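Structures for review follow.
Here chain A shows up in two complexes: once beside chain B, once beside chain C.
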Partner chain A sequence: MRSSLRNPYIYTLFVVPTLGLYALFFIYPMLTSVGYGFTDWNGLQDTNFIGFANFERAFADSSFWNAVRNNMIFILFSVCVQVPLIVFFAILISQVRRFQGFYKTTVFVPSILSTAVIGILWGFMYDPEVGIINQFLGLLGVETIYWLADTRWALLAVLMTNAWQWMGFYIVLVLAAILSLPKEINEAASIDGASGFQQAWHITVPLIKPIISVIVMLSIAGAMRVVDIVLVMTNGGPIGATDVMASYMVNRAIRYGDYGYGTALSIMIFAIALLLTALYQLTFGKMRERVEF
Partner chain B sequence: MPQALKKSLPHLILLIYVAAVLLPFAFVILSSLKGSNIDIAERPFGLPETWVFDNYVTAWVKAKINVYFFNSVYLSVTSSAAGVLLAAACAFALTRMKFRRVSSWVYQFVLLGMLIPGNVLFIAQYILVKDLGILNTHWSLFLPYTAGALPLGVLLIAAFMRAIPAELEEAAVMDGLSAIGLFARIIVPITLPALVTVFIVNFLGAWNEYLLANFFISKDALRTLPTGMVGFRDAFQTNYALICTGIVYSVLPVLVLYAFLQKQIIEGVTAGSIKG
Partner chain C sequence: MKKQYGLLLLVLLVSLTTVLAGCGGSNAGQGSGANAGTNEAGGTEANADGQAGGEAVENAEPFTVSLRHIQIGDAKKFRKAILDDAIAKAEAEVPGLAFELDGVEDEVNRFTKLPAEMAAGNPPKIFDLFGGEGDALKYADAGRLLDLTPILEELGLADKFLNMGQFTLDGKVYGLPIGGSTEGFFYNKKLFAEYGIEVPTSLEELEQAAETLKANGVTPIAMGSQAAWVPLMLANTLIGRYAGPEAINGFRDGSAAWDSPEVVAAFAKYQEWVDNGYFTKGELGVTYDAMLNEFLAGKAGMMFDGSWRASAFTNPDLVKEITSEDVGYFAMPAVPGGKGDQTAVNGNYSNGYGFSSNLNERELAAVKAFIKHLYNDEMQVRGLLEDALLPSMKLSDPAASEIDTKLEDPVVKQIMETMNAAGEAFSHFDSVVQSDVYSETEQQIQRLIAGRATPQEVGDVLQQAQEAANAK
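Moving on, here comes the complex of A and B:
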C-alpha cells in the first residue's frame, strides 16, 4: 500500500539534483581549495606543488595581518558597541505601545537593501564636498573631513555604515524574543515598585541572554564575512586602512592572478573562523542554556 | 510634567533613530531631482531650485539601469524558484519517503554547507566556473545562487514537512497517488508558507549579491543591479544627481515589495538567520 513512498527511482530523482548541485558548488570547491593552496598557480604558467610555502608567506605577510586586525576591529565594534545599543533599542521599542509596528518596520529597512547600493549611498553622504555628514559637522564648527580618503577615518566610516545597515535587523530579532516573554513577570515587578530601568536590567536582560548570545554569534560571523561594503566604498584603501581578510584575498587572487596564494589565504580565513567559533563557545556560548520561565 | 516626559522620552529617542534611518533616503531623493552639484551642496535638504525629472529618464535609458534591473529580476526570480523547487523535492524525499538511513546521511551532508563561510569558496568557485566555460554568462551566477540557497532551504522546508501528519499521505496513497502526485498535489500546497519564506530569503540574497556578480560577469549587458550601480557610480563620479537617481532606482523596488510583504519578509529573513 505504501509502495509509492518506497520507490527508489523517485527517491533518486528527488534527491540527486539537489545533491549534485550542492556537491559541485560546495564540496568540490572545498576540496580543490585544499589542493590549490599548496601550489604556486597564477592562472598562466605551469602549476607546481610547493608544500607549505604559501602558508609561510601568509604568516610573514604584514598586509594580511593588517587585514586580520581590521576584521578583529569589526568584531570588537559589533560586539562592544552595536550589541549593547541593539539591546537598548529593542527594550525601548518593546516598552512603547503606540507606533511599535512603525518603529519595527522602519528600523528593519536598511537590512533588506543591497550592501553595494548602501555603500554607494553612504559614499555620497561622506563626500567631502556635497555629503550631508560634513555639512552637519560644519554646523558644529568641524572642518571638512575626508572620510574615505583619510587613513584615520576610513575604517570608522565603513564601520558606521555597516552598523547602520545591520542594527535594525538585530533589533527586530531581540524584540521578538522580548515580546515572547510572559508579561506577568514585568507586571509583578512593577507592582513591587521596580522602575522601567530596573525591570529592563534585572528581569528582561537576564531572560533574553540566549538571544543576546545568538546575536553575538551572528555579529562575529558577519564581521568575518564582511567584504562587499569594503570593496564598494574603499576597495581596502587608503593604503590598507580598511582592508579585511576577504577583500585582501579576493584582490590578491583576481587582480594579481595569485590564485595559489589567494586560496591559501582562504584556508587561513576558514581556520581563523573555526578558532573564533571555538572561543565563542567557551565564552558567550555558555549563555545559550535555556532560560526557564 | 514628569509623567508626560516619562511617556514621551522613549518615543523621542526612537524618533532620532528612525530619522537616522530615513534621512539618507530623503537626502538621496531630493538630490536626484536637482540640476547641479552646487544645489545639492548648498541646500542638502532644501527642495530643488529647478525640478529635474530628466535625471530619471537619463539614468534609466542612457545608463542602462533598465538592463541591470531586468537582469537582477530575472536572475533572482529564476534562481530562487529553482532553489525552492530543488530544496522542496529533496526535503520531501528526505522526510516523507521510506529510506530513513540514507536520508539521515544525505541531510547531514547537505547541512555541512552551512558551516562553510561563503567567501572561503570564492576563488575555487571562480576557477570552477571558468573550467565549466560559463564565466561571463548568467549561468555563472544562476548556478551558485541556486546551490548557495540549498542548505538553508532544505533545513527550513524539512523542518516544516516533518510536522505533516502521516495519516494525510496514507489516505492520499490509498487513493492511488504516486510519490510525485503526492508531492505536487498534497505536500507542496500544505508547505506553501515555508516555501514562500525560503523564496523570499533566496530572492533577497540573490538580488543583493555583489561579490560573485562583480567578478564572474564583465559584460555590461549581463550585469546585475548592485555591480551595474557600482560601475555607474564610477562612470558618473562627479554627477551626484544622476548617481542619486540610480540609487533611487535600485532601492525603490525593494521598498515597494517590503511595503506589501513586510511581515513575510521580516519573518522569512529572521527565520533564516536564527536557524542558520
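Moving on, here comes the complex of A and C:
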C-alpha cells in the first residue's frame, strides 16, 4: 500500500475522478457564467454577445451601488457593533458560576432556527400595530414606528434580526476560547488587585485576540453573502432600502428575466468580495499571530 | 497492509449493497404502488364505462402529469375545489393518468419559480400562467408553450372565449384564461351607515367619504403595498380615468406617453391620497393578505381590489366583523377633466393555464382531458357562483339562466351590474407593457408612495424605460 501510494500513476488514478467532478460542477459552470455576463441572455431566447455593456450598465446602476452600500453597512454593523457585544456577552457568561450551560444553550438557540422562521417571527415582532417592539416603545411614549415599511428603519430592523440570529453562535465560540484560558492568570491578577473590568480588558481580550480575528473574518464573510434574511423579511424593499448585492442580483436575474445582467452582477460581487478579502488580510489578518501562555 | 485492503473491500461492499438495496426497494415500492393505482383506475373506469373502458385500462401504463397551481390558502379554497373536480374527471377519462399537484404562492410562481423553470427548459406540464407581454407572449415567443389552436378546434372551444388577446401570438393561442376580473372599490356598508356616508358617485364624494372615515379614526382605503402590484391596480385605474381607457394599450405602441400631463395627473392624484392619509399607514410593509384582513376586521372603510376577492367575504374561515351582506362595490367614479369614457372599468382575462410545449402523446391526451373538463359551462358557472370569478367564456343560454337564478352573493351581483353598466373595459398595463417597463413601474409607484419621487419624475422615468423597451 505504502509503495503503491508513492506511484504517481496510482495517484493520478485517484485524483482524476475528483478533478473531473470538480471541473464539471465548479469550473465549467463558473466559466459559462462568466460567459453569460457578456451576453444579453434573457433566460429564454438565443444569446447575443454584447461585450462589456452589462458591466457599464452595472457601474451606472444606482440601485446596485445602493445594494453595495447596504452590504457595507452590514459589514460595519457586524464588526463595530456585533463583535464587541459578542465579546462582552461571552465574558459575562464566562463569569457566571451557576447555570452556565443554560445561558450557553439559550444564546445558541437562534442559530439553529431556520432563517425563514426567524424572518417571519421578527416580522410579527416588528408589526406596527400589534408587534411587541412597538407595544414596548409605546409604553415609553414613542410614536408608532413602521419598522419594515419605513425606509429609515427597515435596514436597521433587518440588521438587528440578523445579529440576533448569529450572535449566539459566535458567543459560544468566544466562550470556548475564554474558558480554555488558564485560571492562574486571572487569579494572579485578582490577587494583585485588578478589578473585573481590568482583568477582562487587559488579560482576557488580548489573550483571545486570535479568535476575535476569526470572528471578524466570519462576520465579514457572512455580511457579504447575506441574502436569505433580506428576502424573507422585506425582499429588498421598501424601494431598495434593504437590498443587498445578492438579493438585487437574484431579483434582477430571475424576477425580471435579466440573466445576462444578473451574471454580470455576480461577477462584480465576486470582484468586490476579492477586494475586501485583500483589505482584510492587510489589516485584521495580521492580528492573527499566536498567543502563548 | 492486508487488513487495510480488507477494510477498503468491506467499505465498498457495504456501500454497494446499500445502493442496490435502495434501488431494489424503490423499484418494488413503485411497482406495487403502480399496480394498485391501475387496479383502482380500472375499477372506476369499468364501473363508469362498462367493459370497453376496463379493457383499455388494463394495458395502460400509469403515468403522471405535473400540474402547478396557485390555489393555496383559505382565500382560494373554492377555486381549489373546482380545480380538484376537473382533475378527478380528467383522471377518470384518461387511463393511467395521475396529476401531480404542486401548489405555489401566486407571486412566487409568477415571478420566481416559473421564469427559472422556463429558463432551464423544464416547466411543469400544466401550469398557472398570466397572459401578456411579460409572461405568456414572452414564453410563447421562445417556443416554450404548447400551441393550443388545434386542440381548441378539436374540442370545439375555438370561438368560446370572450377575450384571448393576452394569450394570442401571431394568431395562435398559447394559454386559456380561467376567468375574468374587474377592479373597483369594496366598501363596508356598516361603517358607511354609521358615519352617514353615501356611496360615492363622483371623485369629490369619494374623497369626502375618505375624509369622514379618517376623521373617525378609520382607515379610509385598506392598502397593502409591500408587493407593488397591489397599489398599481389603483394607479392603473386612475390612469384609465385621467388619460382614457385607450392610454393603457397606447404605451406599447407609442400613442400614449407616461410623461403626458394626463398620466402624470393620475400619479399626482395617487400621491395626493397618500399625503392625505387615505391609505393604510405603513402600507409599504403591509402584505396583500394583511390588507384583506384589515378590511374584514372592519378597520378600513374601503378597499381597492379585484372582483376575485369577493369570495373572501363568503368564506367562513376569513370573515370576522363583516359578511358579504355588509360589503358593497362600486367602480372608480368619473374624474373631473378625465379623458375618454369615464364609465370604463378594468377588465382582465389574463390569468389561466398554459401548457409545456414538451409533451409526449399521452401527456397531450391528459392536457386535452384537462382542458375539456376545466373549460366548460359547468365549471364557468361554478367559478362565478362559488368563487366570484367572472366567466371567461361565452355561456350557453341554460348556463346563463342558471347564473341568473342561482347567483345570490350580493357582492358578486353588484360587480356584475357594475360591469354591465360600464361603457368599455381596459386591461392591466402589466399585461401590455414589456417586463422592463413593468419592473420600473413597480419601483416608481413605491418611490411615489414613500415620497421619494414626484409624479412628474415617475412619468419621466417610465417614459424613458418605455422608449428603451420599444426600441429593442
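One rule holds in what follows: the second predicted complex is superposed on the first by the 268 of 293 C-alpha atoms of A that agree within 3 Å, B and C clash if a C-alpha of one lies under 4 Å from a C-alpha of the other, contacts with A are read in each partner's own complex, and residues count from 1 in each chain.
Here is the rule we use: a contact is a pair of C-beta atoms (placed from the backbone, for glycine too) under 8 Å apart; a residue touches a chain by one contact, two chains touch by 3 or more.
Bear in mind that the values here come from a model prediction, so they are computed numbers and not experimental data.
> Determine, under the contact definition given at the top, whether A:60 touches first (chain B), second (chain C), both, or neither.
neither
> Once chain A of both complexes is superposed, is A:117 in touch with chain B (first), chain C (second), both, or neither?
first
> Mind working out whether A:239 is in touch with chain B, chain C, both or neither, as first, second, both or neither?
In the superposition, A:239 contacts chain C only.
> Can A:254 be said to touch chain B (first), chain C (second), both, or neither?
After superposing on A, A:254 lies in contact with both chain B and chain C.
> Quick one: classify A:96 as touching chain B (first), chain C (second), both or neither.
Once the two structures are laid over each other on A, A:96 reaches chain B alone.
> Report for A:45: first if it touches chain B alone, second if chain C alone, otherwise both or neither.
The second partner, chain C, only.
> Which chain makes contact with more of the residues of chain A, chain B or else chain C?
The partner with more contacted residues on chain A is B.
> For chain A, give the residues common to its interface with chain B and its interface with chain C.
1-2, 254, 259
> Given the complex with chain A, which residues does chain C contribute to the contact?
Those residues of chain C that touch chain A are 1, 4-5, 111-112, 115-116, 118-119, 138-139, 141-142, 144, 226, 281-286, 435-436, 439, 443, 446-447, 450, 452.
> For the complex, give me every residue of chain B touching chain A.
10-11, 13-14, 17-18, 20-24, 27-28, 31, 37, 40-41, 44-45, 86-87, 89-90, 92-94, 96-99, 102, 106, 109-110, 112-113, 116-128, 143-144, 146-148, 150-151, 154, 169-170, 173-174, 177-180, 182-183, 204, 207-208, 210-211, 214-215, 225-227, 229-230, 233, 240, 243-244, 246-247, 250-251, 254-255, 258, 262, 265-266, 269-270, 273-274
> What does chain A use to touch chain C in their complex?
Residues 1-2, 43-45, 128, 144, 146-151, 154, 234-235, 237-240, 254-257, 259 of chain A touch chain C in their complex.
> Report the residues of chain A in contact with chain B in the complex, numbered from low to high.
Those in contact with chain B are residues 1-2, 4-8, 10-11, 14-15, 17-19, 21-22, 24-26, 28-30, 32-33, 36, 89, 92-93, 95-96, 98-99, 102-117, 119-125, 127, 129-130, 132, 135, 164, 168-169, 172-173, 176, 214, 218, 221, 224-225, 227-228, 231-232, 246, 249-250, 253-254, 259, 262-263, 266-267, 269-270, 273.
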